[in-house]
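Here's the structure, in structure tokens; my notes come after.
Think of it as A, B, C and D in the order they're written, each chain with its own count starting at 1.
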Amino acid sequence: MNRQNAAETILSVENISLSFGIMKVLDDISFDIKRGEIRSIIGPNGAGKSSMLNVINGFYHPQEGSITFKGETRKQMAPHVAASHGIARTFQNIALFKGMSTLDNIMTGRNLKMKTNLFWQALHLGPARLEELENREAAEQIIDFLDIQAIRKKPVGKLPYGLQKRVELGRALAAEPDLLLLDEPMAGMNSEEKEDMSRFIIDVNSQFGTTIALIEHDMGVVMDLSDRVLVLDYGKQLADGLPDEVRRNQDVIDAYLGVPHEHA
Amino acid sequence: MNMLDFLFFIEVTLSGLMAGVMYSLVALGFVLIFKASGIFNFAQGVMALFAALTLVGLMEKFGFPIWLAIIGTIAVMIALAWLIERVMLRQLVNQEPIILFMATIGLAYVLEGMGDILWGSDVKVLDLGIPQGAWEWLYDKGVYIEKLEMFAAGTAAIMVAFLAVFFQKTRIGRALRAVADDHQAALSVGISLHTIWVIVWSVAGIVALVAGIMWGSKSGVQFSLSLIALKALPVLILGGFTSVPGAIIGGMIIGVGEKLAEVYVGPFVGGAIENWFAYMLALAFLLFRPQGLFGEKIIERV
Amino acid sequence: MIYRETGQFKAHYQDDQALFPIDQDRYVIFGVLFVTFALVPYLLNEYWLNAILLPFLIYSLAALGLNILTGYCGQLSLGTGGFMAVGAFSVYKLMVAFPELGFIPLVLLSGLITAAVGTLFGLPSLRIKGFYLAVATLAAQFFLIWLFNKVGWFFNYSASGMINAPPMTIFGVIVTGPEANGVAKYYLVAGIVAVFALAAKNIARGRIGRNWMAIRDMDIAAELIGVRPLVAKLSAFAVSSFYVGMAGALYFAVWLGSAEPTEAFDINQSFLVLFMIIIGGLGSVLGSFLGAAFLVIMPILLKNIMVDGFGTDSALAAHIEIIVVGVLIIGFLIVEPHGLARLWRIAKEKMRLWPFPY
Amino acid sequence: MNQQDKDTALDTFPKLLQSHVLERPTRDAIREKDLGIWQSWTWVEAAAEIRALACGLAQLGLQRGDKLAIIGDNRPRLYWGMTAAQSLGAIPVPLYQDSVADEMAYVLDNADVKIALVENQEQVDKILEIMERCPQIEHIIYDEPRGLRDYEHDFLHSYEQVQQLGIGYDHDHPDFYDREIAAGNGSDISIMLYTSGTTGNPKGVMLSNDNVIITARNGIERENLTADEEVLAYLPMAWVGDNLFSYAQSFVAGFCVSCPEDASTVHHDLREIGPTYYFAPPAVYENMLTHVMIRMEDAAQIKQKLFHYFMEHARKVGGRILNREPVSLMDSMLYKLGNILVYAPLKDVLGLSRTRLAYTAGEAIGPELFDFYRSLGINIKQLYGQTECMVFVCVQPDGEVYADTVGTPAIDVEIKIDDNGEIMYRSPGVFQSYYKNPESTASTKTEDGWVHTGDAGFFDEHNGHLKIIDRAKDVGKLNDGTLFAPKYIENKLKFFSFVKEAVLFGNGRDHSTAFINIDLNAVGNWAERRGLAYSGYIDLAGLDEVYQLINECVNKVNRDLSADSRLANSQIHRFLILHKELDADDGELTRTAKVRRNFVEERYTTLVDALYSDRSECHVETQVTFEDGRTGSLAADVRICDAQVFAQAAASQEAAA
């Protein structure tokens, strides 16, 4: 961690504004993410954090501003294009494929790595089979990494919440992303599960060198994990800097104390 | 375009509007149920057929006078609603919409078979003394409009007005609106979900009866009546699944659209395009406005 | 109870990912194939083959097709009848125009044509979902039937509007037209169905199948991990229509021999196939077969019992039959909304876990 | 194993390995479930891995007589680490992987470990923490690199790095490895296993190649094991049993050993592998049975009925059928039916349907538990063993399996009971000495090779099998001079599910008496089924019905005891049900949940006195520590109940429970 000084910028967000009708969700937000860092976005409920992630991976289209990812600037991008450029994410409310097993969820995360056509797939021979086996091994690496061997073939719908979160992380990792967006990865977890998840996030960052942008409510976790923190409040950018700087920032303190909030 | 052509155009349009009213009536039944329970009731058309068959049956087989037959049919429809809730809906609470949809297809089969067995499957004439024939006043002006159709339009208007009052002014009506938004809220009004379903299916049954009477008077009570249910689907698409005014206006658009298309385009492609035109219209419409005429744009959250 | 899985360990991914990783399942499937191809044609008479097994197999193929679209990819379709008609009329035109190509290639070709048509009608699925999409497929249903009714080119301007399958042979054996015998037709259809059931299973367990299911289960998440909705949905429409088209072709050319669009391919066909996958089980290859078996055999059984057994008037019997179908559908949805395939799976799991409860 | 000279040649593990490479090169030597499938290594592949590792270890400075610590779950690479060390004449020292750093520090230091081969980051962290206290440690080698990327220590190496080092060295010095192997012989120390003594620090038991290999071979011979066995290695590598069953016997017999994927998947992996040769301490069997019973409670009524009916039948005849004793045709047919409906499927879901031989050892196993498995047709046998002789002292012979004995002496083992009733043995497996601990060695092993087991026991009069009754130091005498073995009787009591804990008194007294702790769950359920109301433990413990229930248990134990002339006098005359559960927080139990008898006796003197008076009730007040650390006082009137005492039974009575 803390290598951002030397590292290049992987993503930069410039003057992004997003509205739905008259509701302004994001107002002139600019920040950047350096390759290899863990970047947190915090703020009270409704601050526009999730919307920011949605803009980054192309799910929402901002009215103004631009996004530069790996040197390529764009205003709009379909989500699957963002995915193919190396952005993966997890969701605030678990968005797993409920009818499928853990393994299949993770395998689906690898769909961009797989190319064989329908014909070979129908035969399940030759390249299709080979590809399936290779990617199975890659998926198994992730299962091993996340320590979810015991639920490999279980349907995800019936798993406990904490494990579902883990599988979702696995699905995102399966894509071998350059930038991983985590939307409240620890929401609703007990402290032991949070500890596990923090460890996985750090390991992902150090083991695979994945850049991580993270939304999280638990301030302790944020301050421990992050290299830098961006603070949003009602769609506006309140502060941006090292965890310690942000912690001391008066605007941030006011926003957190002024807004009734269960975690503040 | 000369005068005669123009009058013909008016005639076609008006006749389309009238047919549209009929579609609207069926669509109305759909909307009521969908609003209150989120169920896409495929059996609405068959309910109209079943209601009409019951009406005719009561009159022919039991010699009921018209008014008694109508009351009797209403009673049957309410009993049916109760039965449907008891036997079917209650067992399917919390199932996915597609499952409920399937169940209503099953219901359609059952009702169709029952209607046929109870009342026979031959085409029946339904004569309630609704005036037939051309409407002289317009006929004199060179436009041919069926009196029946005008009557139907009038009835539909009354029906809609009645429903509007019912929804806006009565306690049950308000509860029904609440349940469409939020099931919990409805419970707080003090009416159980089961009761609400029975009521809404009863109302839909009565709407079906009206639709059945109108269609039956026009072209006899027969199996094809249930197919108008399918015609109501594009109406719903246009109007949106939850909008009463949408159902009315959507019906009009479809009615007029398909008549015009049949008359002006049909001859060039072999005719009978009525069968699919409405769907194509709805489809084209959907591509540009997926939420329907009166629906709101949905912001998806993740 | 029957399963003995102790000691069945997998040392390679290909074994672990095999179609039937458990030995006992493999024995069963070999048994089924043996019975299907080696015993059935010689044990059953023409009536059984023609009246029960042929429609069962053909409807299985159609149900398989619809299941790919609706069960695996989550796109509700009410246009199956129309797509079967496309297959039927395609194979008719092809049989008349290019008889030298041979019957099986023509069936495949008509499947491809149907796939193209299906893809076209699948385009709206990119913008609309759920019941709205169902209406769009209804448009296909009505439009296509109208087309085959009105445009004389499709039925070669025959006076009745009917199409008749000319006799064609495979390895010198007649398989279409009135002279074809039951055994030949049975082998042809069973062969095609077996091959394409395997293909469906293979597709479903590979990348494409997973992408379909991802779209079905959580379309937004699917897109955000790189599944292209356009490709996934249209490929489902294409593959589904391919199967349905082949089923339509066989339905007309092998089973019926002659057909008229408004009767043979009307909206009730769409519903029938839909019921098959609902009763059989959405998202299950096995379910397609079970559902087809159920809805093909049950009416015949009912009719036999009522008309032959109790001497019921056949019109009344027909009415009772639709009531029974309706009741069964509702009953099924109440008792097991996931269909016969789920029941089968539960039974299997129970056997695997016996004496423990499932 | 027919030629004498060939036998003597294969006197070390590396030599055995070489023989398998020649005899069964392409057969699997070891398997591990990793990344979802069973990755296997043939004997040739395993030998190559070991060779590279051994050369690498040599490069790191591991020499003849040096110690290599091995810490982690059962992993092929860790097993190979053992062989690699043995190839160099170095001594592997496996440690318990779940020990905390402090515990490890003692062993690492005491054993003079030079290099540690560990599984993962967790173990590396522990060693780094205690590195200062173990100055002899020169290198740490890890198997899994995860999380270790940012560790920058010169002494930290990945397994691959060491192997690369070894491959390079081997390439330059092709004779080195073979020369090292040839230099080893049977009298070299093969392995050092630390025993977790109940008192004091653990002691390093040094076993020679001969000790290990001859014992392993004798075990194989006695049970007719072959190269086709399947074995799951899932018990700690530091335990002597794992070393014998999953390592030594595999190398001697040539069978393949499988390592489970993860602690959480052991049961699943067990079923996949389907071991033919299985071993587990009683706790594992008990968990399995509990699991079965809990699962069956959720089963449909009819299935439960079926299950219990056939299990009852199995209890009646299953054991006899397994012992090849004659049963009636009807019983035999019914058992066959039960096999189809219940036994075979049950064994299959447990993963034991291929199990030809299952051992249990370590502590006494409850007769019900034991009979359950045997009645299913699983040939589960008790053995009595110690680290000091590479496990085997006694084994139950096929067809002569009784729940309360540990069988007859294993091959080449001599046993004698000394005057105090302590069991002593002598065998080829007897260890060389405790590492750096001549006093303990001297007090355990006599000049002429006899080893004190510390256990008291005797040979059963009826069948000549050895019966273990207690730790020798806990065995006392009643005033009439007869043997008093409290733990033996306490265990008998504890085999009843209603009895959670029992404390027996009697040493230096006229007769024996007992404190009983009831099992709150079991007795609570029992009470609820009978509609008895109670508000908590004290309340439940005081119920008349509960006293009756426990009284029946005590009576049964007494009846059992009366069958044996040596123990008949130890029958429990009076007992009471304690008003509180014995608790480690109050010092009544050790942290490993063993009763501290003397402490309890002192703490509850009033109750003990009451037991030896004729009072039927006694008031007691006790200081207790609550969960939050506060203390308080608990007062109760404890009732005392007389048990039925039986006359010493005729010798004809069956010894089997």
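The working rule: contacts are C-beta pairs under 8 Å (C-beta built on N, C-alpha and C of every residue); 3 or more make two chains touch, one makes a residue touch a chain.
Since the structure is predicted, the reported quantities are computational estimates derived from the model, not experimental observations.
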- Item | Contacts common to subunit C and subunit D (chain labels) | A
- Comparing A-D against A-C, which pair counts more contacting C-beta pairs? A-C
- Note on the structure: Taking each chain's centre as the mean of its CA atoms, subunit A sits from subunit C at a distance in Å of 41
- Message: For subunit B versus subunit D, what separation do you get between their C-alpha means, in angstrom?
- Response: 77
- So, in whole Å, the Cα centroid of subunit A is separated from that of subunit B by 48
- Expected list for subunit B, residues touching two or more other chains, is 300, 302
- For subunit A, residues that touch 2 or more chains besides their own: 59, 91, 95, 136-137
- Task: Provide the list of subunit D residues touching at least two other chains, using ranges where the numbers run on.
- Result: 36-37
- Task: Could you pull out which subunit C residues touch subunit B in their complex?
- Result: 76, 124, 127-128, 130-132, 134-136, 138-139, 142-143, 145-146, 149-151, 220-221, 224, 267, 271, 274-275, 278, 315-316, 319-323, 325-330, 333-334, 337
- Message: Quick check: in the complex, which residue numbers of subunit D touch subunit C?
- Response: 31, 36-40, 230, 258, 271-274, 292, 295-296, 298-300, 303, 306-307, 340-342, 344-349, 351-354
- Which residues of subunit C touch subunit D in their complex? 1, 3-13, 15-16, 352-357
- Query: Given the complex with subunit D, which residues does subunit A contribute to the contact?
  - Reply: 103, 136-137, 140-141, 143-145, 147, 149-150, 152, 203, 206-207
- Over in the complex, which subunit A residues touch subunit C? Could you list them? 57, 59, 78-80, 82-84, 88-89, 91, 95-100, 104, 107-109, 111-112, 114, 116, 118, 121-124, 128-129, 131-133, 136-137, 171-172, 175
